[in-house]
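This structure is in structure tokens; I'll ask about it shortly.
Note that the chains are named A, B, C, D, E and F in the order they appear, and that numbering of residues resets to 1 at the start of each chain.
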């Protein structure tokens, strides 16, 4: 399994366990997560860019990876991703840079996985 | 002076004082802030939505107000703003809600100011 | 109107406006907020203490005030509140202290309002 | 060594080194940490739930693991832990979810280790 | 009373109330705060610069004001303060700028108060 | 390769890739990072202590490692580093302790690497 598969695999496995606990509040938060990013007044492409940049300024590597995967599915270009990266780094400061490194690495993996 | 004018006035006055200190690093960060949000691979409208939501999840009222002003200039609709608000609240959690209240109030002021 | 009434008044007024926007995601988050703190495996008293301390370490004054109000309704004693304050200050660090000051002030207001 | 032992082992080893530096401020913070969570006006069970949820909203995996270990010693049930998880995720937002996954995994390890 | 006196006054009044609660953990944290910033291997001047910049990146206005007052007592120059401001803004990102504005204003008040 | 070399290697490799994307905003932020920490009104030694402590309270392990490396080059003593650690832990709270453990470990590696 490559890094992307490992990431998705762990994510799915643990989501299943979390939802199996049958806690209503958690279940609804997971549901909302699906609804909030679908097309509406804003396109899901714009929403994924929002998800990506918010994850970067909050410095959550796994959230960044998840939204990078979604951005990749949405067909976002390198230039679009780099501009999103630049705004997040400017707003969040140089403390974001280690996450920018890992985000850049994961974005490359996504592109390679699709050759 | 209404709330919006007071906000802009204080912002301008203090920015001037900060830049008068002639600190190179700070001056360049202020310059970057202007460049980063102009049209590029992403539209400045999308970038302002990113600025707005990142400011919400980082819970900075003044930053939220600034980007709401820019979003208003970009002609964003209520529905677009509300969807941006909803994603920021979902990602950032209920701790964002007090900022959502003040953001909602400021958005209404912006709309009224323009009647 | 005293400080407590002003706080509750603004909160209610803006919640109404936010819910009037009819954004599904936001509405559900507001609903969850009510459900999550009701009695369950944990008592609502314990849950309010969790809400209070999480709000302190995340340094949100309005959230602290809200949960202090709820803690007061639950009949929590000064000693219980002070122990909760002390843990939040220890975990969150001295950066929490300005919020501890305002929390202490609001707790006193709540007690006076009830004489 | 399993995951729990590795975690505890590294923690003990490094705590020893930190305390060996003989820095008075750090030593006292470590002492406070022990005192703050013992029984008082609030039970240590309630305090561990506070420690757990504050660690989750501040998104510190090691702190979450430490308090999960303490919650396990206190005999907290799955339902109690899940309600604590749900409040932390609601307050802290979906950015907490990756930590919720790792917390869920560690909680399972704790239960298995005790069979 | 001017802004600086109001700030110091509220701070003293509430610290007194907090310490009156006689909570051991809180009392010790307050004590540590005094010890940690006195001369040692690092000068108290360097320590106040650390306190100032940590307060800025954590975006706590009151903490910034407190450490600015201490930096003023230590005789720090405008250039030294501006360099500290610039590093904090670079590390913490543009989200720090609203706090930089208020810090700049308070620093000017401190200088005027001393004419 | 030891831990320090691995850390520096990954850092360099990814910085190169990030800068190869030729995004003007990101390039300038990277440039600023070099300028901001050079000698000025404050010595670069003081600036590295600021960089170290800000990284600790913001809880970024990679940033802590980077600034520890710089502090080591500046010839900072154990006592100076421990006082910086103690202030960061006091300001940022016990949530900083897991990062303090890893910082202590990396500081030891730096000292061993230089024997």
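A few notes on this one:
Heads up, the rule we're going with is that a residue touches a chain if its C-beta (ideal position, glycine included) is under 8 Å from a C-beta of that chain, and two chains touch if they have at least 3 such contacts.
Predicted model, so just to flag it, every value in this text is computed and none were measured.
The minimal number of chain-to-chain contact steps leading from subunit B to subunit F is 1. Among the remaining chains, those touching subunit B and also subunit C are A, D, E, F.
Each chain's centre was taken as the mean of its CA atoms, and the one lying most distant from subunit B is D.
Comparing chain pairs A-E and A-F, the larger number of C-beta contacts belongs to A-F.
Equivalent interface to B-F within the set A-D, D-E or B-C: D-E (over half of contact pairs identical by residue number).
For the pair subunit D and subunit F, the fraction of shared interface numbers is less than half, so the two copies use mostly different residues to meet. In this assembly, E is the chain whose CA centroid lies farthest from the centroid of subunit A. Note on chain placement: the centre of subunit B and the centre of subunit D lie 37 Å apart, centres being C-alpha means.
Between subunit C and subunit E, the centres computed from C-alpha atoms are 27 Å apart.
Separating the CA-averaged centres of subunit A and subunit C is a span of 31 Å. Looking at subunit A, one finds that residues 24-25, 29, 32-33, 36, 54-55, 57-58, 63, 82-83, 86-87, 89-92, 94-95 touch two or more other chains.
Chain contact summary for the complex, subunit F toward subunit D: residues 59, 78, 82-83, 85-87, 89-90, 94-95, 97-98, 100-102, 104-105, 108.
By the touch rule above, subunit C contacts subunit A in their complex via residues 24-25, 28-29, 32, 35-36.
Interface residues of subunit B, counted against subunit A in their complex, comprise 29, 32-33, 36-37, 40-42, 46-47, 49-51, 53-55, 57-58, 63, 77, 79-80, 82-84, 86-88, 90-92.
Put simply, subunit E touches subunit C in their complex at residues 10-11, 14-15, 17-18, 21, 23-26, 29, 33, 54-55, 58, 60-63. Partner subunit A is touched in their complex by these residues of subunit E: 57, 89-96.
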